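In what comes next, chain A is part of two complexes: it sits with chain B in the first one and with chain C in the second one.
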Partner chain A sequence: MDVASLIDTSTGRQSRSIYSSDAVYRQELERVFGRCWLFLAHISQIPRPNDFFRTYMGEDDVIVIRQKDGAVKAFLNTCTHRGNRICRADRGNARSFTCNYHGWSFAPDGALAGVPLENEAYFGELDRSKFGLVPVAQVAEYKGLIFGCFDPAAPSLDDYLGDAKFYLDVWLDALPGGTALVGETQKMVLNTNWKLPVENVCGDGYHLGWAHAGAMMAVQSMDLSGLSVGNSSANLDGGLSVAGLNGHMALTSLDGVSGYAFYPEPKPMLDYLEANRPTVTERLGKTRGEQLWGSQINITIFPNLQFLPGLNWFRVYHPKGPGQIEQWTWAMVENDMPENIKATILDNQCLTFGLAGLFDNDDGDNLAACTEQSRGWRTAQMDVYTNMALGRSGAREGFPGDIAAGLVSEHNQRYFYRRWQEHMQASSWSDVPTYNLNPLGSREAVNA
Partner chain B sequence: MNQTSTVERPSTGAAASLEVSHALTQTLYREARRLDDEDYAGWVAMLADDLHYHMPGIETRYRRDTTDQITDLTRMAYYNDNLDEIKKRLSRLETGTAWSEDPATRYTHIVTNVEVENTEKADEFRVFSNFYAYRNRNERDEDSLIGNRIDIWREAGGAYQLVKRRIILKHNIMLSKNLNIYL
Partner chain C sequence: MLDLHPEPALHDVVTALTQRLFHEARLLDDERFEDWLELLCEDVSYHMALKSRRFRADRSAPIAVGAGNVFNDNLARLKLRIDRLRSGFVWAEDPPNFVRRVVSNVEVLPGDAPNETIVHSVIVIHRNRIDGQNRLLTAGRTDRWRKGGEGWRLAAREILLDHSVLPDSNVNVFF
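Coming up: the complex of A and B.
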């Protein structure tokens, strides 16, 4: 496959075939989902020993299990006998997992613990140690977020996240109590290629005032970088598009409050921010404490994790073929929040985003139609562009990354596709470049 | 917002009179027709000021897992709305800028299995029903939403108003790209 021809970062061009081709998709499963660190679960979802949570890595079904000693392991959710799915619940607590087919049972540490008729039918000759559940090669946690990686040669999670941690910490490390995901998993099927929702959230502030005009009129209570109905007064000084961080991105306003702009009654949230801002500023410094915490921030961890402190939704996209995803959403809270604030967040998250959310009602059709319009004989040969504000990025005092002004720009999308191309072209991790542009303390200009 | 939803209680379990049962069954049909017609003003007129409209999200759990996924209001719900919140949702349609609602979705609500019970309050009745809601959009978007409802309806001035509704949808993964529908 000629991956070089599919993306041109210098002009912002993508071939539409990347949204519809089966060959591209199979290679993504290998080189993107088979290689990158993927979000598995939040520690709040498996707090006790033997708690489990079921998820996907690419199309592979995985169980994440809290061990007796507090560690977390992850296994492919498939019986080593004939391949049946061993766990059918979304989450729960289990001292063992027994396969429904012939009754093999596995301990939470993956060991094959029981085999019916082991002596009689296998004549005691089955080497159980060779038939434990197959583990995910690497599992690691960053401040409450558990990630897994199929590639034993991948860099550490710490290196993978790199300087994106500066932005991640605005949620994960703002307050001493840490964070949690709350509520059941909100799952829906969307007939879109998985890259389109990622692109939409990682950088596309452009669509907000247009696609979501009706939703904004219904719930917007405060200014968000001048973004309003019809995009009439977007203010490019009001936000940053941050990329150039190993494929991770942040899109953020800078006022420290507009994360709550889509709460019809934001007063209790603003009081919470005011009461806790000194603590956050002490922990994270002035830039993040005053400008980022409480702002509208879209954070993207390559390839398929996105979360938005403020609007407070946390989401992962599981690909199901080139033209379909499952979108899983949770509400996100800080553990130090009073209960009534947590309840308001969960309610507002469901009102705005997620299946019945006013905003998500708008996005589904657009993403599905962009996918469909890449599948025709003629359209699959056509291109699409993210060429807004090409070449208008650089360093910003106090913020790591290669940065463009404003929430309305296609800067982040270009970096997303650049990273995608880097992975798709590389035959192993050793061919994948690492970059954390403009690390704090360094002020060299960046030539993206 | 209270922490547990009480649409199941208090119950006398006794069937309501034929007259009340008939009137409430007709009320459910009228409500379904208004929703089919996108007559949301007509629908809102059937809702009580103290409405609680609740549709919890349901995960697949083992039988031994006794987590209350239905009545615990601190858990996730697709709808956990009072009247103001319902009106806020509907106001999006009235802005004229909800592009995704144009062309319109075509709806059919089918309501069946209606049972009407008296409650401890003389003017309030518990109504069980099942629904089948079919949507068709654009060229070939279609989906079916099927589930159970438990309602409390209150008699006021010769008509009935919806006070509480619990909707139990049967999906784990929603097979549709949004929920621009009331059930």
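Coming up: the complex of A and C.
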């Protein structure tokens, strides 16, 4: 496959075939989802021993299980005998998992614990140690977020996240009690290629005033970086498009409050921010404490994890072929929040970006139609463009990354596709470049 | 308690409420949202909770902060949704989707208050979407209807959606 011809980051061009081609998709499963660190679960979702949570890595069905000693393991959710799915529940607590087909059972540590008729039918010759559940090659945690990786040669999770941690910590490390995901998983099928929703959230402030105009008119309660209904104006001084961080991105306002712009009644949240800002500023420094914490901020961890502190939704996209995904969403809280604030966040997240979300319900059809318009004989040969603000990025004092001004830019999308191309061209991790552009001086990096 | 016996009274109440449900479905099919709001009590509660697929024997603790909702609406929130749908900016509804509701399995039971009834029903919503494809959503409903000067009005609706993964890109419909 000629991956070089599919993307041109210098002009912001993408071939539409990357949204529809089966061959591209098969290679993505191998070189993107088979290689990158993928979000599995938050520690708050499996707090006790034997708690489990079922998810996907690419199209592979995976069970994440809390062990007796508190560690977390992840396994392919498939019986090592004939391949049947062993866990059919979304989540729960189980002392063992028994396959429906022939009754093989597995312990939470993956060991094959029971085989019916083991002595009679296998003549006692089955080596159980060779038939435990197959573990995910690497599992690691970053401040409550559990990630898995199929590639034993991948860099550590810490290196993989790199300087994106500066932005991740705006949520994960703002307060000493840590974070949690709350609510049941909000699952929705969208007939879109998986890259389109990532692109939509990672950098596309442009669509907000137009695609979501109806919702903005109905609920917007405060200014969001000057973005307005109908895209009649935008204030490019009010935000940053941050990329150049190993494929990870942030799209952020700088006002410290606009994360709550889509709360019909934001007052309790603004009071909460005011009361806790001194602590956060002490922990994260002035830049993040005053300008990022509480702001509208979209964070993307390549390839398929996105979350928005403030609006408080946290999401992964599981690919189901080139033209379909399952979108999974949860609400994000800080454990130090009073219970009524947590409840308000869950409630508002469901109202704005849930299954019947006033904003979320605007995006699905656009993404599906972009996918459909890449599938025809003629359209599959055509290109699409993310060429806004080309060449207008650079260093910005106090913030790591290659940065363009404003929330309306296609700077981040170009870096997303650049990273995608780098992975698709590389035959192994050793061919994948590492870059954390414009790193902070140590004086600003921590606890400034 | 509302006296559902003798038979003629029961028959009248069941007929009135069944007709109310059918009328409500037609108002929503026709996007007569303002007329639909007239059928709701001022203190209406309109609710659909999220759920997950669990083993029957699962004993894990209840989820912290609650399950979360698809709808957790009072009258003001329902009006907010209708404001959005009426804004002229909801592109997913323009051209309009073809939506038809089928309401069935109506069962009327006495309520706790003398002027209230509990009404169970099933709703099937068929949507022929802009992409030409069909989506089918099914749900069970448990309603509380209250009788006042203007006839029966909806005081509360608890909706049980029958999908663990929503098979559609939006829920721009009321159940």
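Here, the second predicted complex is superposed on the first by the 441 of 448 C-alpha atoms of A that agree within 3 Å, B and C clash if a C-alpha of one lies under 4 Å from a C-alpha of the other, contacts with A are read in each partner's own complex, and residues count from 1 in each chain.
In this section, a contact is a pair of C-beta atoms (placed from the backbone, for glycine too) under 8 Å apart; a residue touches a chain by one contact, two chains touch by 3 or more.
All of these numbers come straight from a predicted model, not from anything done at the bench.
Chemist: After the match on chain A, would you call chain B and chain C a fit or a clash?
Modeler: Chain B and chain C clash in the superposed model.
Chemist: Between chain B (first) and chain C (second), which does A:V333 come into contact with in this model arrangement: first, second, both, or neither?
Modeler: In the superposed model, A:V333 contacts chain C only, not chain B.
Chemist: Which of the two partners, first being chain B and second being chain C, lies in contact with A:A275: first, second, both, or neither?
Modeler: A:A275 sits against neither chain B nor chain C.
Chemist: Output check: A:D51 vs chain B and chain C. Expected answer is one of first, second, both, neither. What do you get?
Modeler: Touch status of A:D51: second partner only.
Chemist: Check the residue A:A153 against both partner chains and state whether it touches chain B (first), chain C (second), both, or neither.
Modeler: neither
Chemist: In the overlay, answer first, second, both or neither for which of chain B and chain C A:V182 touches.
Modeler: Both: A:V182 reaches chain B and chain C.
Chemist: Looking at the overlay, what does A:L351 touch: chain B (first), chain C (second), both, or neither?
Modeler: A:L351: touches chain B and chain C.
Chemist: Looking at chain A, which of its residues have contacts with both chain B and chain C?
Modeler: 88-94, 182-191, 211, 213-215, 217-219, 229-230, 264, 326, 331, 343, 346-347, 350-351, 354-356, 358, 360-362, 364-366, 368
Chemist: Can you check the complex and tell me which residues of chain A touch chain C?
Modeler: Within the complex, chain A contacts chain C at residues 44, 48, 51, 88-94, 180, 182-191, 211, 213-215, 217-219, 229-230, 264, 326, 331, 333, 339, 342-343, 346-347, 349-351, 354-356, 358, 360-362, 364-366, 368-369, 372.
Chemist: For the complex, which residues does chain B have touching chain A?
Modeler: That would be residues 1, 55-62, 65, 69, 74-81, 85, 88-89, 91-93, 95-101, 138, 172-180 of chain B.
Chemist: Considering the complex alone, what residue numbers of chain A touch chain B?
Modeler: 88-94, 182-191, 210-211, 213-215, 217-219, 229-230, 264, 326, 330-331, 343, 346-347, 350-351, 354-356, 358, 360-362, 364-366, 368
Chemist: With touch defined as at the start, can you tell me which chain C residues reach chain A in the complex?
Modeler: 48, 50-55, 58-61, 63-72, 77, 80-81, 83-85, 87-92, 129-131, 164-172
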